[in-house]
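Pasting the structures here.
The following pair of complexes shares a single chain, chain A, combined with chain B in the former and chain C in the latter.
Now for the complex of A and B:
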């Protein structure tokens, strides 16, 4: 077995938390159950990884097999990477009979025709997600296994989730291969990025809870009613206002949990509006400014702003439109109408 | 008697004394006047106090009477209401019942499959899917009507061709748009439900997992049939060509294993259909296509 493969396996095993190593090796399936039983999973990770490498040497594992362990690790811990969402477009109206083998063949062929030194791995999961791992090399060097790109694609949807490696120059090639293999004709990057892959999926697949008005009461309408204070001496002064805020908040954010985003960025290219007498700027040019909101869970914190009394309800639509518009990067320019304001660029 | 004590005084002293007396008289008169005035004032004050007390008393009485009057009025009103016209209350009750009925109908209208509710900006339609006698998920489409009909918000999954359907029908015929969308959603929900049921109820016969795609219009799975200690492995591929249909348009069943017939190993004949029978099972093996796909058609003779 190649030394580079051995080193790669060793480093990949070291990444895994000690309690998870056994289950991941079982999912990997490369080592048999009897082989796994010879490893003592209670020793320090360094030793565990050495044992694993030893066993892999016995069966002469190659780099493709080693890469599968990396996919498994990233599938269990996808939130360690930053994912961007891309949208593909197609012109035709043909019904899509997605053929997985065809897709894989076309994808590999396209990539390999442009770049010989690539390692490509596919793995399908039950939720129709296809995970693709690509390690990039150059015409003269072998692929760098430590900076792979990941692509997650759900068949028959126009969305692709890409976690690009640092080597951004390979992105156009990757996009081209995806478009070709999936029978679309164009791809563009959406302004939507996050660490939480599942939340990105929730947003674009519209799996998060939206509030729609209907005549019939939906089953999940019981809200956790906070127990009334038993002490009758405590009177709620602003009860009406509080109820109004709750109602407006629920209309905007819905009932269920919000998708998890870490930041929202607004690039302002609006004119600085000052008192005409003060006339701060000589020239009338846009005041460039970047506003960034960051939080471990941005949408939940926005949802709790009004009830906590820190903002007026309803919250600005620039903040609340994030899941519906499926973007968290905005450019705000001047609106060219009679009332001065700002509009969000498409 | 001043006359008795008429003493002899010189003239000027007499005049002086007379002046003093006059002054004293005057003072006496004044004092008397003041005393009378004071007495009068005292009397007036007493009178005023008495009158004030009386006013207070009268006011109290008046308040008591007013309260009594108000109470009487209330009682009268209550009696009046209780004795109200029975015909009028009946009409009101009927109206309330009618409103309740309409509300209940609206609530249950989702069972029809498509129902809508007016909103401030337009209409929110709810499409409820069902397969045979089971109700499945609901999907929402919120339409704006001004300046032109457009989709504001929706919860339709991305693999349903919503944009295509909207481009075709939304501007011209909203009813058709909803009906076509409902067909797509119902068919998808039906296919998904059938695939789930297949996995659940035949889990012992299916080998491995059921391979499907997002639209559930391509299912591939391996399953086995066993009879009299012999198991026959099959691979099935179901293709649902029509997205508005929950039944497949193309089915491929194939088997690539060797068969044990009558204790001997049997191998497929090339290019020829083979017929055979064993233990009441009759089978026809057909090879077709340039990839030499094999399909086995198994017949069971029920007489045996």
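Now for the complex of A and C:
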């Protein structure tokens, strides 16, 4: 077995948390149960990985087989990567029958005709998700297995989730291959990026609970209202305002859990407007700013701002539109109307 | 806003800050560029070559009470004593990064060009370098820790201090915490002084944002970035608000009206303008969040008392401000 394959297997096993190693090796299926039983999974990881490599040597595993373990690892821990979302476009309306074999054949053919040195692996999962792993080389060097790109394609949808490696130059070729293989005619990158692959899926597949477009006041009895304090000396101040804030907040954000995003970025190219009395800047050119919000769970964080008194209720639609518009990168320019407070985002 | 209309308001605990930067006033300049550096008369210029090693590094700030019986003439001795102290601490099992066997060399030197006025003490630099015992005798030593004491335009404190004391109220550190505490302990024991971390309040950070926005920079300046933190939510939130330097400066230039000095009211108006522009778009009240970091082309400062100098021509100006902060913390 090639030394590079051995090293790759060793390093891949080392990434896996010790308690998960046995399960992942079983999913991998390359080593038999009998072989797996010879490994002591309670020793330190360095030794476990050496044992695994040893067993792989005995069956002369190749790089393609080793790569499958990497796919399995990334499928279980997708949040270690940053994913971007792409949308493909078709000319006609017909939904053609998706032929997986045909897809794989065309995809490989397109990549290989441009680049001799690539390692391509496919793995299908239950939810119609096709995972593709591509390790890129050059005409003169072997594929770099440590910087692969990942593609997750749900064949019943026009959406593709890509976690490109650092080698961004291969992105156009990858997109081309996807479009060709899936019988679409175009692909565009959406302004939507996150570590949480499932949240990205929730957003584009509209699997989160969306906010109401209407504004009826909901009867208070519908909600779980905390029981009134028995002590009549305790009065809640601003009770009406607090309730209004809660209600409006839930209308704009929706009731259910928010999709998990880590950041949103706004490039502002709007005018600076001030109170004329203040006698400050009055330029005819945009006041250029770049605003970035970040949080372990951005939308939940933004949702809690108004109740905490740090934002108005309703908070700006620039923030609440993130799931519907399926984007977290925006460029905001002034709307050419007479309404001073309105914005357009292209 | 608490400021009384039409009355210039001085910062409560920093009476001196409101007079703007002494450079401007002391030399009779009514400059709109308050950090215009003027070479202190009897000193050599802080020439960019010599201060280059201070730039683009992260320095943690401390205030230091006056040192008793410290003398510039004994720097070599201090280096020797400190070196012995570190070796002793190592024997005790403290002071070292785990698993690392290092031979530590101490150098203490004076930086006479880092001063604001003649009354200031020359800055003192302490450097720890290491050489692994395995490598050959003449191999290069690696700098592992730097700390420097300085006093830039600290006239107010140096005037009031008895003869045996040396005023170097500002201490800046770059390097591992374990070495900082050893060097700090030695200075405390030897010169009967005490160190305290210097925090930078949101109020001072907004002064820095305003002052540094107004500075002229030669090359293309980087953005003015303000970082706000909202930690007490169920999910913490950080907001980075970066403004194009030309646009920020244009705003500041229309706000800053008093020649040769900056007053609290101007800083407030500047910040309010930025907050209201933000509110217009996002309906979030930035004034209710905590300003934790300010970055400009001149320098960047973090509320935990961490500074990075980015332009040598403004180094002394920033040090002057930090010296004032240190002095206020001591008093």
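Quick note on the criterion: the second predicted complex is superposed on the first by the 307 of 346 C-alpha atoms of A that agree within 3 Å, B and C clash if a C-alpha of one lies under 4 Å from a C-alpha of the other, contacts with A are read in each partner's own complex, and residues count from 1 in each chain.
We take it that a contact is a pair of C-beta atoms (placed from the backbone, for glycine too) under 8 Å apart; a residue touches a chain by one contact, two chains touch by 3 or more.
Note that the structure is a prediction, hence the values are computed from the model and not measured.
Enquirer: Please indicate which partner A:154 is in contact with in the superposed arrangement: first for chain B, second for chain C, both, or neither.
Expert: first
Enquirer: Please indicate which partner A:235 is in contact with in the superposed arrangement: first for chain B, second for chain C, both, or neither.
Expert: Neither partner.
Enquirer: Counting residues of chain A touched by each partner, does chain B or chain C come out ahead?
Expert: C
Enquirer: If we overlay the two complexes on their shared chain A, which of chain B and chain C does A:44 touch? Say first, second, both or neither.
Expert: neither
Enquirer: Touching A:289 in the superposition: chain B (first), chain C (second), both, neither?
Expert: Only chain C is touched by A:289; chain B is not.
Enquirer: Answer with first, second, both or neither: which of chain B and chain C does A:324 touch in the superposed model?
Expert: A:324: touches chain B, not chain C.
Enquirer: Taking the superposition on A as described, I'd like to know which of chain B and chain C A:126 touches: first, second, both or neither.
Expert: A:126 sits against chain B, while chain C stays out of touch.
Enquirer: Which residues, counting only chain A, touch chain B once they are in their complex?
Expert: So the residues of chain A touching chain B come out as 93, 95-98, 126, 128, 154-159, 204-206, 210, 212-217, 324.
Enquirer: Under the stated contact criterion, what part of chain C meets chain A in this complex?
Expert: 223, 230, 232-244, 247, 250-251, 254-255, 269, 273, 276-278, 280-285, 288-289
Enquirer: Which of the residues in chain A end up touching chain C in this complex?
Expert: 266, 268, 270, 272-274, 278-283, 285-298, 300-302, 304-305, 308-312, 314-316, 318-319, 332, 341, 343
Enquirer: Residue numbers of chain B touching chain A in their complex, please.
Expert: 106-110, 115, 117, 119, 124, 126, 140, 142, 153-159, 161, 164, 209, 212-215, 217-218, 239, 241, 243
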